[in-house]
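Chain nomenclature is as follows: A, B, C and D, assigned in order of appearance, with residue numbering initiated at 1 for each chain independently.
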Amino acid sequence: MSITLSQAEAALAAAREAAEVIGVPMNIAVLDAGVHLKAFSRMDGALLGSIDIALGKARTAALFGLSSEAIWEFSKPGGTSPGLELTNGGLVVFAGGLPIRDENGALLGAVGVSGGAVAQDLQVAQAAVAAVQGG
Amino acid sequence: MSITLSQAEAALAAAREAAEVIGVPMNIAVLDAGVHLKAFSRMDGALLGSIDIALGKARTAALFGLSSEAIWEFSKPGGTSPGLELTNGGLVVFAGGLPIRDENGALLGAVGVSGGAVAQDLQVAQAAVAAVQGG
Amino acid sequence: MSITLSQAEAALAAAREAAEVIGVPMNIAVLDAGVHLKAFSRMDGALLGSIDIALGKARTAALFGLSSEAIWEFSKPGGTSPGLELTNGGLVVFAGGLPIRDENGALLGAVGVSGGAVAQDLQVAQAAVAAVQGG
Amino acid sequence: MSITLSQAEAALAAAREAAEVIGVPMNIAVLDAGVHLKAFSRMDGALLGSIDIALGKARTAALFGLSSEAIWEFSKPGGTSPGLELTNGGLVVFAGGLPIRDENGALLGAVGVSGGAVAQDLQVAQAAVAAVQGG
């Protein structure tokens, strides 16, 4: 089972709402469990440079079933896997990408958010996940 | 002026509705006038190979302010511009990509649709355009 | 000897003037004899999709010291060199790219023009060449 | 509103003048707010390796509406966004790229300068910005 468009739209809507609350226009990407684009929103005024980052965070989270920043723990200086972020055509290893799972923990897909400070991106991504998984 | 997210969402919704009427799940991409991704929907069951085609059709239409298949008239055997489809990192030169304009004819962006027969893709793209431009 | 910035600026100015006469905003690229970008102008309203084409026409003309459309004679069906347009990362093989030579015929660089009909692009490129070579 | 060719030409002229004052030939790129090439000059004698850097600095500044070196603050060791410079096909995160804004602070485009020491590149980029924004 992979994420449905209905679930992806719910994730986008929740992310946009969370972004409006903090007043930061965001790019939000939802990928399925096969790491293919399912749905995307760029809010008016969101940075153009963050489109690729939102897609990259979602891709990173979907590829490994981990948050995007968890990959940094492996690839950072002193980590077990230096250069991991250079694989798969380039990963994005800071926060804002999260896996989305069903009630049994199976991977449905992932969301990636970019446009604000990293803590803001993460907060908005969490809202997207909660809209699908419950929160 | 470039397309707003509200306009892009209206285009996606109209496209999904038109696709449901004909019973063919589609990939639908909306780009802004600067040829950057604004919004995207992949309907459940839509072909994975059509994600890139929908994006490419929208990109082609936004880059030239023409329908995607209009580019083929230039690039086809005997046309004035052989190999035009190889420029810009590769264009998609069959129907399903359309420019979206405002009431004064200025380019707002473009939509690209892929997932069915080419005539079906075009029909769904026309529905998306009509939702923004009126129809 | 390669083209100077002063010569390249003269080529751009002549091209812009010729484009204004026919009322078609153009992208104009000037490359040096080493096939590196020397100067570029995108006139207001010129097609975004023509940026890459103008650069490609200039690159094609500089690489071979021939007009861009001369390459098509080699690569077209029945020509001696099928697929030639796929070499060098992709050539542009329709008119609008011209070599620029000094008074002894040595290659100084090339100009590429895109934004109108192919005949218009060629006319504007010829104006650019004439500004450097005399015409 | 994006940058006009007249504004871009004024930016290039001011940059060339500033570069001549310090005696360092520069590559200068101006992009529009949609991150597309608008105008470019390579001064005679400017390094070939700096063409891509000037374009990359301008692209970085246009994508994020920030100076190119501001991106380094995010991506440097201990920053919030390790590997940010690997997104968007590769960013250039040292000084010499600056956004260009209108009198209301809206992004018009960006300039990127490369050819000298980084401090010289920045100085020349500042002259380009001042020619459009006033200084």
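The working rule: contacts are C-beta pairs under 8 Å (C-beta built on N, C-alpha and C of every residue); 3 or more make two chains touch, one makes a residue touch a chain.
This is a predicted model, so every value here is computed, not measured.
J.: Which number of steps is the smallest that gets you from subunit A over to subunit C via touching chains?
T.: The distance in steps between these two chains is 2.
J.: Any idea if subunit A and subunit D meet via the same residues, over half in common, or different ones?
T.: Different, since under half the interface numbering is common to both chains.
J.: Using the average of all C-alpha atoms in each chain as its centre, how far is it in Å between subunit C and subunit D?
T.: Chain centroid spacing, subunit C to subunit D, equals 26 Å.
J.: Distance between subunit A and subunit D based on Cα centroids, please, to the nearest Å.
T.: Centre-to-centre distance between subunit A and subunit D: 30 Å.
J.: Express in whole angstrom the distance between the two chain centres, defined as the mean CA positions of subunit B and subunit C.
T.: Each chain's C-alpha centroid was found; their separation is 30 Å.
J.: Any chance you could list the residues of subunit D touching two or more other chains?
T.: Residues 32, 34-36 of subunit D each touch two or more of the other chains.
J.: May I ask you to sort the chain touch graph into line, ring, star, complete or other?
T.: Looks like something else, not a line, ring, star or complete graph.
J.: State the interface residues of subunit D toward subunit A in the complex, per the touch definition above.
T.: For this pair, the touching residues of subunit D are 34-35, 60, 62-65, 77, 80-84, 86-89, 91.
J.: What part of subunit D is in contact with subunit C in the complex they form?
T.: That would be residues 4-5, 9, 32, 34, 36-44, 48, 51 of subunit D.
J.: Which of the residues in subunit B end up touching subunit D in this complex?
T.: 32-36
J.: Once bound in the complex, which stretches of subunit C touch subunit B?
T.: Its residues touching subunit B are 47-50, 52-53, 56, 72, 76-77, 85-86, 90-94, 117-118.
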